[in-house]
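Heads up, there are several structures right after this.
Both complexes below contain chain A, partnered by chain B and then by chain C.
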Partner chain A sequence: MIMYMVRHYIFTLTVLRRAKGAKTAHVVSSIKYEPTVSILIPARNEDRVIGRLLERMNELSYPKEKLQVIVVDDASSDLTGIIAEESSKRFKFIEVVHRRKENGGNGKTSAMNAGFKHSNGEIILCFDADYYPQRDIVEKLTEPFLNPKVGAVQGRVVVLNEPQNMVTRLVALERIGGYRVDQEARGSLGLIAQFGGTVGGFRRCLLENLGGWDETILAEDTDLTFRVYLAGFKVAYVGNAECYEEAVDSWKAYWTQRYRWAKGHMQCCFRHFGSVLKSNNLKLGEKIDGLLLLNVYFMPLIALLSFIVGFVLIFLKASMLAGILWFSVPVSFYSFVGNFAPFFEVGIGAHLDGRRRIQLLIPLLLFTFLYNIPICAKAFLDLLGSKIKGKSNTTWAKTQHLGSGNRYIGNQTVTLERTS
Partner chain B sequence: MLSVKSVIKWLFSISLFEVVVLCLIVSFQFINLESTITLFVFNFFFASLIFLLNGTVNKKLGMLAVGNVVGLFWNMAFHYFSSAGTLYFGETFEVLYTVTYPMLNLMWVVPFFSLSLCFLPKPQNAGEEAKSF
Partner chain C sequence: MIPDLLWVLAMLGLGPAILFLMMLLPSFLELKRPRDAGPRMIMEDIAGVTQTVRFEISFISSIEEEESQVKLAPQLAGVLSVFPNIDV
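== the complex of A and B ==
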């Protein structure tokens, strides 16, 4: 707990010092680097959002002759495939890969691999169907590949439907902490910058060597991050390459998404913990950060255990001091400063972004922390259960996107909302 | 040579700093060690992070001093409340108070920290990217 506290504090301090020192936000490289780029968009029942993204693909400033957009219609039962086909007819650089129910619908990783087989770009970028990128995002995301050590890139995710309700606002705060501070600091300090599964990409040759996306793991992004680092490459974080996402807008959807993340992250921890420790390609700082990153979803479990043990010890009067210690110390450290995005980290991130009103909601992040306790506990127990039974339980629970972000983009895209 | 204005500013800064120190001493002398530690934690985060942001030193010191006063009274109120509760309900109440103590302090530390950030001027270039589609 204390290590997480120190880590987040160092991250916040790093970003603050960097923001204070940097007068220019972004220095554009003088070398013009325009590799061929393939953008993969996995889509399963995304007819409410896919249209706006494909329109946006046409608005990207990257030369279209060097761009290939592949929509993987992953056994959709709605109009996703039809919308994608219509876009493909209008724009030559858009291609559609249809997957039938027999071979599709097995989750994002499977769809990504299917799209990857059809791609031919030197750089492979990925966007989720509910995302809405900046016009020059491809230029920004390809620029770090000038460095031969960079194997992957990650851009920043900003919540599009933030004003919708309290859940979206709190998710936005988490995103601010995670990207504006966490990712940026990791990039600056040369630690493990994380590929987030979307708004990012890879060198084609590296991805081929790694064997593409692992379909047996739920947190394919974390898995790939570690495989990239273990292969001796880095993930570059590009903070000014922003993409706008439609965040989950209900506590139920939040549970589904975080449960998948927690379970997948735990799978990654079991898989990569030893490799990270032994790796010769990682520096000591990267190893420490990597191990902390792998274990982050176990922290709510420790908090839960401390609740239980603390209560038992107090009421059995076994040892008053031990009970208090078990209960209060982890809770205070965790909720006070050690959550996925602790309050000071989120606060400073929001301030650096010039966000004032949303800062007032920071105290409510305590509820998301409390909510994460049962989520992570269930994920752990389910994972443990499947390990004991010897069954791989990697059913992909898809996040539903209702197109609620459309209204925040502009008038031109509002019409894309499905009227039925 | 220092102008009258800058001397006043210095004196004001020193007096605000004194308020902070006074709060720490009072909390230790009249409340308990835990409250002093809480104030230290708050001061540490505030001083090391918020003081790096844009804004005048006096403004930040002023907010820090107000934060300490708020924390002091918060802890004092709960301290007396727990003393009364322990007398009435017995030792169990004291245990519950000790257990929930960090959470109770969270209720003033976090809101005050985020509120303080709202009073500081926005940094240059803030939010430019976020607003440009």
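== the complex of A and C ==
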């Protein structure tokens, strides 16, 4: 817990210091690097959002002759395939891979692998169907590959449907903390910048060597992040490569998404913990950060455990245990207060984005933190149960996208105060 | 040694209630009447719009300037004609 708190403060202060320095220092790359790029878009029943993304693909400023956009229609039962086909007829650089029920519908990783087989670009980028990127995002995401040590890149995700309700506003806050501070600090400190599964990509040769996406794991992004680092490459975080996403808009959808993340992350922890410790390709700082990253979804469990222990001890009639009570109370308390460090991180992220009013919502993150406790507990118990029973853990629960973000695209009036 | 149950329950109830009220009131006010509901405009759009607007403004103003010069030229010539010719 203490390590996580310290880490959060280090990250936050690093980004703050960097932001001050950035006001005077501007680095502009003069080298023009335009490799061939394949963009993979896995889509299953995304007819409410896929059209706007494909239109946006046509608006990208990257040369179209070097661009290949592959929509993987993953056994959709709605109009996704038809919309993609229509776009493909209009724009030559868009191709559609249709997967029928017999060979498709097995989750995002499976669809990504199908798209990857079809691709031919030197760089492979990925976007979810509900995303809406900047016009110059491909240029920004490909530039770090000039460095031969960079095996993967990750851009920044911004919540599009933020005004919709309380859930989307809180998810937006989490995203601010996660990308504006966490990822940026990791990148600048040379730690484990995380590939987030979308708005990012890989060097083709590396992805081929790694064997593509692992279809047996739920957090395929975290898994690939660690495989990239263990192979001796880095993930570069590009903070100014921004892309809108449509966030989950109900507590139920939040549960489903975070449950998948928690379970997948725990799978990754069991898989990579030993390899990270033993790896010769990782520096000490990367190892420590990597281990903290792998264990992050166990923290709500520890908080829950200490809370239960403290609560039980209050009602135990044993004088010897009373001493332990006074020990467990601060531990329980710390489990919550210590976790305010991420809230500090979110606050600084919002400040750096020039969004002062949204900082008022930060105390509400306490609810999402508490909500994550049963989510992580269930994920852990289910994972444990399936390990004991020897069952597979990879039932993919897809996040529904209803196109609620459509109304905000192109609406200049919702622009907010921001800093560069 | 064991704290009184009522006292514990009162503290467990009252403490968090006061803390929550103090902590969450501004949040609920912002939720109720958002002054910053988002979404944040992504950087490229702002740069693009700004550049486009600037370009258009400078382009239009240069055209207007030229047009006004064309219109003003005969008028100025007329005004200047009343002055004596000082060319040597």
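We adopt the following convention: the second predicted complex is superposed on the first by the 380 of 420 C-alpha atoms of A that agree within 3 Å, B and C clash if a C-alpha of one lies under 4 Å from a C-alpha of the other, contacts with A are read in each partner's own complex, and residues count from 1 in each chain.
By definition in this document, a contact is a pair of C-beta atoms (placed from the backbone, for glycine too) under 8 Å apart; a residue touches a chain by one contact, two chains touch by 3 or more.
Values in this document were obtained by computation on a predicted structure and should not be read as measured data.
By the touch criterion stated above, A:Glu95 is placed in contact with neither chain B nor chain C. In the superposed pair of complexes, A:Glu85 makes contact with neither chain B nor chain C.
When the two structures are aligned on the shared chain, A:Arg355 is found in touch with chain B and with chain C. Of the two partner chains, chain B is the only one touched by A:Gly347; chain C is not. By the touch criterion defined above, A:Leu16 reaches chain B but does not reach chain C.
Of the two partner chains placed around the shared chain by superposition, chain B and chain C are both touched by A:Glu242. Shared-chain residue A:Pro363: touches chain B and chain C both. Of the two partner chains placed by the overlay, chain B and chain C both lie in contact with A:Gln134.
The interface of chain A with chain B overlaps its interface with chain C at residues 134-135, 158, 240, 242, 244, 314, 353, 355-356, 360, 362-363, 366.
Across the complex, chain C meets chain A through its residues 1-3, 8, 23-24, 26-27, 29-31, 34-46, 48-49.
Within the complex, the chain B residues that touch chain A are 41, 45, 48-49, 52-53, 95, 98-99, 101-103, 106-107, 109-111, 113-115, 117-118, 120, 122-130, 132-133.
Listing the residues of chain A that touch chain B in their complex gives 12-13, 16-17, 19-20, 23, 25, 132, 134-135, 156, 158, 240, 242, 244, 310, 314, 320, 323-324, 327-328, 331-332, 335-336, 343-344, 347-348, 350-356, 359-360, 362-363, 366, 409-410. The residues of chain A lying in touch with chain C in their complex are 134-137, 158-163, 166, 169, 172, 240, 242-244, 314, 317, 319, 322, 353, 355-358, 360-364, 366, 405, 408, 412, 414-418, 420.
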